[in-house]
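Two complexes, one shared chain (chain A), two partners (chain B, chain C).
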Partner chain A sequence: MRPMRLKLGDMFGWATILGIVALVASPVLVLAWSWRDPSGDVWAELWRTRLPGMISTTAILLIAVVGGTVVLGTSLAWLVSAFHFPGRRVVGWLLVTPLAIPGYIGGFVWLDTLSNVVGARGVRSLWLCALVLIVSLYPYVFLFARAAFADQGADTLAAARSLGLGSWGAFFQVSLPMARPAIAAGAALVAMETLTDIGTVRLFNVSTLSDGVMRVWFGTGDLGAATELASALTGAALLLIACERLLRRGGRQSRASAEKVMSPRTLTVFGNAVVLSVVVVVLTIAVVIPVARLINWSIESNRAGTALTVAGGIRHHAGNTLMLMAAATVTAIVIGTILALVVAHRGRLARLAGRVSTVGYAMPGPVVAVGAVVMLAAVDRRDVLPDSFLLVGSVIGLVYALVVRFIAVGYQGVEASLERVPQPAVESARVLGAGRMRTAFTIEVPAARFGILAATALLAVDITKELPITLLLRPFGVDTLSVWVWQATSESLWAQAAVPSLVMVFMGMFSVGLLLVALERGAELVS
Partner chain B sequence: MTFAVEVQQVTCRLGERDVLHGVDLAVNAGELITLVGPSGCGKSTLLRVIAGLEEATSGKIVVGGVDVTAMPAEKRHVGLVFQSNALFGHLRVDKNIAFGLRHLPKQERRERVQEMLELVKLGNLSRRYPHQLSGGEQQRVALARALAPQPPVVLLDEPFGALDEVLREELGWEVKDILTKRNTAAILVTHDRHEAITLGDRVAVMQDGKVLQCDVPRVVYEQPITRFVADFLAVASYVPAETGEQKLVRPHQLEVIAGGPHTVMRVEFLGSTHRYTIRSHDGSTLVADLGPRNPLDAGDSCDVRVLKNS
Partner chain C sequence: MSKFNFRSSKIGTSLIAATLLVGLAACGSSSEDSSTGEESGGQVTVYTGRHYGIETVFDEFTAETGIEVRFTTGSDPELRARLEAEGENTPADIIMTADAANIALSAEAGLLASIDSDVLTEAIPEDLRAADNSWFALSRRLRVIMTSSERVTDAPQTYAEVGDPKWKGKLCLRPSTHPYTQSLVAGLINTLGEDDTRTIVDSWVANDPLYINSDTDILKAIQAGDCDVALANSYYLGRLLSDDAEFPVNLTWPEQAGAGAHLNISAAAVTANAPNRSAAVALLEWLATKGQKSFSDANNEFPADPRVEPKAVLVGFGTFTADTKSVRELGRLNPQAVELLSAAGYE
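Let's turn to the complex of A and B:
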């Protein structure tokens, strides 16, 4: 029996994993600590008055939005995967663009547009809120489902058809069940976004748990009570993760590499017309009308000279948004990539540790914000930083919280694309004399580059439209576009929110474009 | 004399399973050993342990006179060629080949890459990317890349497994020539018994994580030390010998005559020969390869005779 050798490289790797995980998971874990000393009065009061209502509202909204996005996202993905119609490629891109329009922007446009029809009171309903969230969030399901459909071999479907299933039968009995894990993954993202949303639900007066955390924080200033409410939210998030795990079980079937991918069928003229009108309707609701109205408002308010009533003006806000987005995106992708590289080839335990780092994504924004403040304040109290610099209320603190919340997008994206790097290539590099580091940077990262780029783009999209963390943790004087939109819309000043919204949408469109390029090039590389 | 690679009493445990139990194997410089055995017998694991991609649980591995047992893969100085997917897709052919030559000065590196390209007859493809090459060309690049740093031994893990049969045979001989020319030792894992016997200077047969026999093809073919080795390498029949034991006979060592106590069960056309599967009167099965003369049909009665000096 050979004695265990302590390898320096291994110890360094584990130290890296544990360090990163501790840094990004601690804000969430400290919340568990808060249960030590519950502020019973507030809790009892909440439970007696508003909490049951919040929980049921949250549940109904979740079911509606997740159900809606799954149906819409999966059907659209099936249309672009299984059928050939004019403009199929472009339609495939366009259907992702709603990602660039946050629910709270689409929300206020539709709020104003519909209040002329349904009346100002009737418009603020849970169902309209759900509809707005569905059209802004379905691209998550669409992207995952489309990738899953593209991965299904033509032979599998052909076999199903030869066994007597029609194309509908083949869809419901073969394609859909095979794509289930991917659809569940997309649905989980939608569920998290919905659970976390504060902008859209506030517009439509839907009191969810996230909204409750925000109100308790701003209304009573009671961090303890907010923390406890946040823990309840955490419970809901954990329940969702459990559901997702369950749905993803029996996960990865992948097509044999030699098998041809599904080839789309040509449609009749009537079929073409139906498909294209469905696409046009979805895009009109999700993108065309919101963008058209934003442009219209911007022009009007510009003409009236009322546009720039916010201190600092649009440049200041756009600059801050860009700066925060860039800082948080780069930090998250760099840390996520390092973590994914170190975790790879280190076995089960390392993967588990890596997974812990992603808890932030499962936690709603307000929860992460509360946790981050608790953590940062603890550091501040120690007074370890020079010149009595305080992390709470600093840009660094804000970026930290954003990274905690979104690192999962970077880590999991990079991890998934590293898994697709052929193992023989990695091992060949080792045998040819490259150590772990050189292999990582000359072979693994370049081979996974499009996956990493896609993860970066998705991070940029998510962080640009992020609202609760920015709102709660932004330093004085560092206002972003999303904060401006939030403030203007909370006072129903739609026209004032138009310019920053439009800038955000364009920034988002740029990131979505990057995402699409990365996904297409990545797919070419694999096939 | 020192061996190019020497494996002494190596065991390897992967998870809950003992994959290798005490493997001994030594390869001389310039020698090609083919390694065969049923799936899961540990032949690929043995290569991975030698390369340092799996850790030996016990035993010793010596490469080019240096004990590498405790070294990580990148320090061992062995060449490795996989079945497929091992080229760096984002690097051109010349950069792939140069990957293991970082220690050389630029000029020398360029010359070595050129030399390797010519060795594997791909001189004009140096600026292509791997996905622009055919399967056979990709495997040549993989070989050139493995040979470029001039390792004492190259390990080939079913290198022709993903190629069609004609190409496989052609490339097999070419690889053998190249290895001989470079005086590089090699261990070639294959599941193709024909390939094992024809290409190997010696053939090593593995079963259940052990090397059962390692010898020149003729000896392993004609004097296998166990019945498993005999049956695994080629079709085998057993006839009673004078000593009372069972004697191994290969299909070419049997002659078949019309009329007798046995029955022809099946006749297969193999091109230059016919293969007769015969049920003997005592119920055992005999297989004989015969030329196209004296044709018998399934169902005919026959007798067999063991040819001398064959």
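Let's turn to the complex of A and C:
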């Protein structure tokens, strides 16, 4: 009887995995079809001219940005988790808010600000571009590292200290190794964001592979060759993730359930001053300056009477942005969580299949947008939907494409936090006869809720500021804040982009704030 | 050109389509029914890669004709990819692009319909429309030489002179990722041949230009003293001069003794599968005649119909010769231009 039931469950599980993966990876796989007839001449020409440079530029940028975000994000997470200082809660929230500033607007604000310092020529450098990306992407690492530190037991740390380790020793020898999987998950997101960035690198004249994809596509009209380059890029990204998996292995420890969570230590006056000044410097660079400049531009454009030039006004755009964000975030987190739950405990092959679902995040946004259009149009052509309903240009089509792009954020976040769920609890439940489903909903999901909430926050912020997919797939008359910003910035009307940008930034900050409050409530309930 | 054929991957897409539907049934509850479009008649749908000031022009058309205009904006290549994927299901009646190469690529992909209209052929000069009348220019923009009015007295008169070593370290150019740079080089290949064009582009690169990916910012860089000489589209200066009549940049019409200044166009076409073809033709005809002035003025461009008076600020730039002969070739030569730019090490 029993083995039979297991087998059925297994089949159901595998069907779920394959179904979800096919659903979300198909737009990218459809494009990869171009490999059946590779564009040899384009590749030869690229190899002769820009490709070697693009590869080395991409590699240097990637190493700099991932290295920088890991150091900055982890240290800030440690400061906020391990020490008590005035304003700790607010600081914990503010440190995540750079995520709410989209790269395509933050990049310009920084280009403009920095060129006042180092000149128009000096500002266009790989290192300044890396700096801007680090400052805007470190919150990915910060969020995951913070959740991991919050999960670590006080007893473990106390034991380490009683064995003679100082604060630094305890950090490097106990906390950091335990948080490694979470930090790696955050770093993987940073790596993919960096690899697929187009807006920021273009502003700083940094010619990466993503930029190369757009060059080939827009320059020669050869979408096939562009997708080949893009899928080569995705291959590199997936390889990186494989490295991240290796890092994650062996880091699988968790707080014993009876153990108390780590309690922050109170600092001396001097310590307070040091921590606060570090935080102030980071926040000034990452948040205060960009937001101040946006406010300044908004006032300027209001005065010039050019602020509100888009039909429907700010409410229409903000409402659409919110509606899309909510629909796509909920869909992505639900599917991502289901996938992570089904993949867990199913071995290496299942994990590999799970990985495939993340390809949409490892490709430049415009390529994913076209893949989704091709996919949805193929369904439309078959006339299978009632009332000759067309998916392309519908809200369903748009939400689907957004899920394709961002499911990785949900899936990776949930997967990393499932790994920290105490295994004995899961095993006991299973031994006591609870089914997979029941174990998942009574043990795993509640235990991983920190991670699930953090992933939801990231999704909400990412989807709020998404541009290329929304631009290409939005229904007629459904314009969002990001579309408005694009319309202004593509004409270099930066001041006119300031108002919608600010609204977008504040919406992002608000959702991040709400979720952090939820996270802290959750932590209090546990301890 | 593009060997990528969306329709050939039938087995793959059928399989994927099936799973997609299952998935949508499972997770699609969050969305509502939307926009399949009301039945035709008084409506025309536009995909436009040109979006600056487009809305007021469409409003004007609606006020005059009672035909509603529904439009979506985006970048030219992406909108073309969407049109191509949608095939017969497309809601688009008209596609509008911000440059010549992109409309030519649409024509080449068989996405456009030839329009037999005396109104259009009478209004738009022959060089500024497709040989088979599958697309029509609506406005003209020129890529010209811009110099600082404060620091430059001997402005270059040709694109080749921009490569004169005396401008080393003082030149601003737009990166080769941008279609305006690509079109300019495609135009030079058409008028001067590939070898001479390569020499010119090499000399620009040798001048160690500052690459700025925005024509407005290029002009502001001249104002700020970051460069003395630059190439930019005429209407950006028109726009800045409308705000500040003293803006310290001079415009020089290049190649006046030769083929004329590089001319690019904003173009529009009726799509091959347009659901509302007659309304589409009506809009196109209106834009080419009555709407010419407001369409061009909205973006400080020259009307495609040379008989229509341009905006006053443009008249101030003086008369000029433009290279009208290259317009139809810009799409065909664009890949060659991209390759040449890459080989020259142009950013």
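Keep in mind that, in the parts below, the second predicted complex is superposed on the first by the 330 of 527 C-alpha atoms of A that agree within 3 Å, B and C clash if a C-alpha of one lies under 4 Å from a C-alpha of the other, contacts with A are read in each partner's own complex, and residues count from 1 in each chain.
Following the convention adopted for this analysis, a residue touches a chain if its C-beta (ideal position, glycine included) is under 8 Å from a C-beta of that chain, and two chains touch if they have at least 3 such contacts.
Predicted model only: the values in this text are computed from it and were never measured.
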Return the chain, chain B or chain C, that is in touch with more residues of chain A. C
In the overlaid three-chain picture, which partner chain does A:443 touch, first (chain B) or second (chain C), both, or neither? first
Touch check for A:235: first (chain B), second (chain C), both, or neither? neither
May I ask you to decide whether A:429 touches chain B, chain C, both, or neither, giving the answer as first, second, both or neither? first
Look at A:177 in the shared chain and tell me whether it touches chain B only, chain C only, both, or neither; answer first, second, both or neither. neither
Between chain B (first) and chain C (second), which does A:334 come into contact with in this model arrangement: first, second, both, or neither? second
Under the touch definition given earlier, write down the residues of chain A that touch chain B in their complex. 1-2, 5, 422-425, 427-435, 442-443, 446-447, 449, 525
In the complex, go through chain A and note every residue touching chain C. 19-20, 22-23, 26, 29-30, 33-34, 37, 39, 45-46, 48-50, 119-121, 124, 202-203, 205, 207, 211, 214-215, 217-224, 227, 311, 326-327, 330-331, 334-335, 366, 369-370, 373-375, 377-382, 384, 387-390, 392-396, 399-400, 403, 468, 471-472, 474-478, 483, 487, 490-492
Sites on chain C touched by chain A in the complex: 1-4, 6, 9, 12-17, 19-24, 27-28, 30-37, 45, 51-52, 55, 70-75, 77-82, 85-89, 91, 101-102, 105, 175-177, 179, 182, 210-217, 221, 224, 226, 334-335, 338-339, 342-343, 347
Which residues of chain B touch chain A in their complex? 51-53, 57-58, 70, 72-80, 82-90, 99-100, 102-103, 142, 145-146, 149
